[in-house]
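In what comes next, chain A is part of two complexes: it sits with chain B in the first one and with chain C in the second one.
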Partner chain A sequence: MSDALTVVVLLLVAGSATATVAQRDPARQALVLSFLGVLLAALFTVFQAPDVGLSQLAVGSVLTPLLIMLSVRKVRRRARSEEGTE
Partner chain B sequence: MSRLRLWLLAVGGAGLAALLAAACLELPGFGGSRHPYGDRAVHASLSRHTANTIASVNFDQRAYDTLGEMSILFAAVLGCVVLLREARDEHRARPEPTDVARPVRRYALLVLPVALVTGLYVIAHGQLSPGGGFQGGVVAATALHLLYLGADYHALERVRPLGVYETTDALAVSSYLALGAAGVLAGTAFLANTLLPYGTFNTLSSGGAVPLLNAAVGMEVASAVVVLLAHFLDQAVEIEEEPGRGTP
Partner chain C sequence: MAVNGWILAATIELGGGGAAALWGVATGPPARRVIAQNMTTSAVCPALLLLAQGYGRPSYVDLALLLALLGPVGTLVFARLLGDDLAGQQPSAWALTWTAAGLGAAVVLALCVAGSPGRATVKLLVIGALLISGNLVASRALAGGFRGVRGG
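Then we have the complex of A and B:
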């Protein structure tokens, strides 16, 4: 039973990790990354490491995507304002 | 020249592979219920009345490692603050308040207090259940930013006096050091968990210095994440380059 669960979660992680890499737009990539973070947290919980799972949930699925999206916004805004002045 | 580099890489890689393979051969089997280090860690943690063995490892048996991790976070946030400061050719433009979709506003304002309390709960129960200062700190700090989703940046800035969080960050790191130095002054060792009574097993005050060190890390992480996100948000929302003086 728990072996089947491990295999399912591992496959889901592999699938969403591939989807994250395949995504080309950074803003969308951040969203898929956050989904991957949730799945990784589930994987760590299945492996009986709930402490690491909680860290992953907080950092991998919230903080990192948020920082990426803020950086993307800054870069795009800068490009737009440079277009405007030229 | 490039051939020499390749050789160097190959030798280094082969050495690393050999060492890793040798180390992996000695590992206990995957998924077993017993582990020599685990047995010892659980024994040490129970003898000091700490219900969550991970917390005991983090804040008692390996408290010195946690000091290192804490310093890494502190230095990283300090570096971001320096890099993301308002430069001479930039100015602040207050963002126009925009309408927030009603479901988003309702959801954010409903979830904010729940997430905040969850974060504080995870910090407070670090020595009892999974979680602790680091996880709870990140949850509490990010929960605060739901206010940016639910209302606007101005509302977030009002509940987030940045100076207070910067001071709290530094104070929390210092208090961790002070708790460690207290052991030295009492004649044992740096960060040794021998000063405080271990208390009743599985209660909030159990574990000696573990809850205090855990709370210090919680404060440090929460304020560090708030400061970090504040500078990213400032750059993304408020700070603009002076027109005509942009980088070429």
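Then we have the complex of A and C:
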């Protein structure tokens, strides 16, 4: 029973990691990345490492997407203001 | 280990919900992606609760508590910062939202009935309330229900 769970979670992690790499737009990549972060926390729980899962949950589900989205917004604003001045 | 219905339920929940969320988050227009990202919380959090019960380790419930707290925060980050991509769209899927809320409530109630009443029951109920209310707040924010959250 536990093996089936491990296989399911591993397949999901592999699928979402591949999907993350395959995205072109950084904003969409951040969306898939936050999904991957939550799934990784579930994977760590399945492997009986909930302490690692806790930190992965905090970092992966909120902090990383927040940093990426803030950077994307800043880059887009800069590009837009440079277009405006030219 | 005896046949463990809780872990079987967690497997089904994680497989079904996770696959649906992965498909939704990796394809389609941005509106659908944020809805799927929001659904991740309500799919994985009950699975974590079921895992805690299946492994017989009540301390694993903390993960579900943290996810119920942080998942909606992550969705709100996207609702605030994806303003350009979501402009003119009103991503909402209320049927899905209520289904997810009902699923979370069903899992929490089942675990409450299975366990002995006490502090653990209160903790489970708190997690359930956080999960459902966070899901509703995040869905409402995505649908443009709160002035000033969208755009930015």
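As a convention for this text, the second predicted complex is superposed on the first by the 86 of 86 C-alpha atoms of A that agree within 3 Å, B and C clash if a C-alpha of one lies under 4 Å from a C-alpha of the other, contacts with A are read in each partner's own complex, and residues count from 1 in each chain.
Everything below uses one rule, namely that a residue touches a chain if its C-beta (ideal position, glycine included) is under 8 Å from a C-beta of that chain, and two chains touch if they have at least 3 such contacts.
Just so it is clear, the model here is predicted, and its values are computed rather than measured.
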item	value
Which of chain B and chain C A:V8 touches, first, second, both or neither	second
First, second, both or neither for A:R78, with chain B first and chain C second	first
First (chain B), second (chain C), both or neither touched by A:P50	both
Partner chain(s) touched by A:A19 [first = chain B, second = chain C, both, neither]	second
Residues of chain A touched, compared between chain B and chain C (which is higher)	C
First, second, both or neither for A:F35, with chain B first and chain C second	second
Partner chain in contact with A:V62 - chain B first, chain C second, else both or neither	both
On chain A, the residue positions that both chain B and chain C contact, one per complex	50, 53-54, 57-58, 62, 66, 70, 73
Footprint of chain C on chain A - complex, ascending	1-2, 4-5, 8-9, 12, 15-16, 19, 22-23, 27-28, 30-32, 34-35, 38-39, 41-42, 45-46, 48, 50, 53-54, 57-58, 61-62, 65-66, 69-70, 72-73, 76
Complex contact set, residues of chain C against chain A	1, 3-4, 7-8, 10-11, 14-15, 18-19, 21-22, 25-26, 30, 33-34, 36-37, 40-41, 44, 47-48, 51, 55, 57, 59-60, 62-63, 66-67, 70-71, 73-74, 77-78, 81-82, 84-85, 152
Complex contacts: residues of chain A adjacent to chain B	50-51, 53-55, 57-59, 62-63, 66-67, 70-71, 73-74, 77-78, 81-82, 84-85
Chain B to chain A touching residues, read off their complex	52, 54, 122, 130-132, 134-135, 138-139, 142, 145, 225, 228-229, 232-233, 235-237, 240-241, 243-244, 246
